[in-house]
């Protein structure tokens, strides 16, 4: 991520894509870390207009959790981002999702295993941990405990309400968020039909080695195009709380 | 709620939000109580244009069930509102919903427990009672029995067709309606995956104490904005009967 | 139904409502019977533009199955309509639906029982029969066997693909079609949660006596209004085959 | 298929229909074979604008897998198409789908059997094989093994991500793709309700003989009309990964 303008622009677009896809809604947010300056950029919080997030709306923090700038509605759970960026230098982008199907795995007692090719390629081979502390993550220390439990995983589930997902870039993050949710819905639906076949870590390795090298870029190209012509209309019927 | 104009305006908006989200459809309605005048304001009934409800369309009642004003299609089940407002002075707003997922808990023998953070924060810790009388609530005495069974709960399920939900304000009510439905869909979906973890009343307390203090206002801001740009188009594919 | 113009107009509107709601799609059709002339009017068949059906597109038959007029794409299964109208003089309107959830009860071995108030009021108390002949109903004799099995029921399921529903008027038919589908989806969803409580014929009677007398008209008013502002756009994601 | 222009046009339309219906999304593609010239035409790959595919965007191959022309984003899994066209001269059209419900049968251990009339008519009587090799089919030899396992079936499931479907024409292929997905969703949904009744090969034969002879053409007419007025807007809420 070359500079601040690019980071802000990509965060705004990615936040609108996640809104369009119903993964972030009212309560989620996205962040990116700039290793050159040590700054963390976070999209705005609940009540803001997620279908129209703009680059200038970002809040800026240090990884220690000091707010440097930003006005308007601050995300109550910003410590999720600063803590993960502090502990995971490989994770240049982090999303806190309220994704309808992934969240089920923070409610039902069922392991989140890779069952789709994309899931296998996205590093889900070792499953996802569940952060079991009660309530919102609004304190630095809570964020640090969450980041520690995340460890080297791709994502962590948060009891009763969502998840945190990491990516090596904003593009990789968006691909991972969509992939995890797709993997979640497929487990949910396949469970009705019979025994569900998930991929072992060794099988994930084989699948990963046969991937399209341009897969993440192709998805970014596809969904940014979709977002650019999105009508920004809300759903007219019920879908899970945003 | 400062005055009649504000009450009427908020009721109209909240009714359109519930229509947009598919929770009220053809048969639901919303009411608000003005403690200064003792009046109950109720949105219009079946057959009216729920996507375009306006402030001047409200029906006005006393809590004893005397109709003071209102023209057009009166809600057949208006006694739900007058009876609850009479018995629950803390409930300044009441909705009768035909919400697709909450209603399942009035059909299947399964307890409605809090499984989401929002559910835990919305006062679902003690579960929801089920009103088992057969048929529509069109008489004052039926409304009174319903209000009595509601007791101090956040909501009551109505056998085979819906629910009544209460809020300390119109804003709090809308947040509660959306939260209950989200909690309902999450139980429904998680049930397929395995044992469902619900929060105990004590856990709900812990979660409530970590909430965003501005949560209800943030949701109101978010959904009124959504509603203001809603296309008012009906669904083009099947969704539950409105 | 006073005259031919009115019958044709109501059939066109009702066919567009069922298209909008995803109950008729590519393969369903609707008919009405004029007792004054003995004529049966049937909407056009597969391949025609169901979102834009017009009054002049109807095919006209005798109840014996003689085609009197109509050009374009004739519904292959027109004998469903002529046979039912011949045997059920109370059924002034008949729909052949490919409704996504009702159809499940022609595939899974599960009884279709009333579980919603609307279902209880719509005469589902005695359940629905299943017509088990294989394949499309394209012959007069098949239609007659179907009509015989329908008997005095509100509807009959057709093995592996749909149903036939009857109404005392076009308005009553539309209300019944939407009500049956809602009842079907509710059984389908409640089944995941636990034991499903259905209403006995005696309970249905009690519920029916507490109904809104203007219920059918309110629904007709509501859905014709919706249809008049429908964008006529198809679904952009998967929904069951039309 | 009379000539190259017609093949290219039909492929573009069919690809847009599958996009509109959510069966092809980001990763699927369609092909057609011209027996007069021995050429295989394939729609573009991941990252391209599937809602707006045009005739000039096709890639052209020999059945041996030699690329003759085409620019832009080549489908990584083109060998699926060339290999099937080489082995199945009756299959003038082939689709690689990432269809949300059919794919479940490549994850859950459950047989894909015909349960709908359309499924019975589409040649699903003998069920569908599952190709169990791990990872994307990007090599000619993989495509050949896939084609061999497909054998004379209507389609083959691909472990953890999709399917390949064949048709005697582009029109027949589109009908088959929609029919298979509808059959898949019906099994998925009916499974919740109880024992699922599927048709035996003998029953499929009976049903096939009672089909509408114009069924494939009617569907093509219907869905090309739908596609022509499609708004090309993406989904605003979650649906399976495209």
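Chains here go by letter, A, B, C and D, matching the order in which they are written, and residues are numbered from 1 within each.
We adopt the following convention: contacts are C-beta pairs under 8 Å (C-beta built on N, C-alpha and C of every residue); 3 or more make two chains touch, one makes a residue touch a chain.
All values reported here derive from a predicted model rather than from experimental measurement.
Asks: Tell me, which chains sit next to both chain A and chain D?
Replies: Chains touching both chain A and chain D: none.
Asks: I want to confirm something about chain A and chain B. Since they are copies of the same sequence, is their interface symmetric in residue numbering (over half shared, so same) or not (under half, so different)?
Replies: different
Asks: As a multiple of 5 degrees, what angle does the CA superposition of chain B onto its copy chain C give?
Replies: Roughly 90 degrees of rotation.
Asks: Quick one: which chain's Cα centre is the longest way from chain B's?
Replies: Result for the farthest chain: D.
Asks: Could you please state the distance in Å, as a whole number, between where the Cα atoms of chain A are centred and where those of chain B are centred?
Replies: 32
Asks: How many angstrom between the C-alpha centroids of chain D and chain B?
Replies: 45
Asks: What are the residue numbers in chain A that touch two or more other chains?
Replies: 100-101, 187, 191-192, 233-235
Asks: Please list, in label order, each pair of chains that touches.
Replies: All chain pairs meeting the touch criterion are A-B, A-D, B-C, C-D.
Asks: Taking the touch rule as given, give the residues of chain A at its contact with chain D in the complex, in rising order.
Replies: Chain A reaches chain D through residues 20-23, 99-101, 115-120, 178-179, 181-182, 185-187, 189-197, 199, 203, 206-207, 209-212, 214-215, 217-219, 221-222, 225-227, 229-231, 233-235, 239.
Asks: Please output the residues of chain D touching chain A within their complex, sorted ascending.
Replies: 26, 45-50, 73, 76, 100-101, 103-105, 107-110, 134-136, 138, 159-161, 187-188, 191-192, 232-238, 240-242
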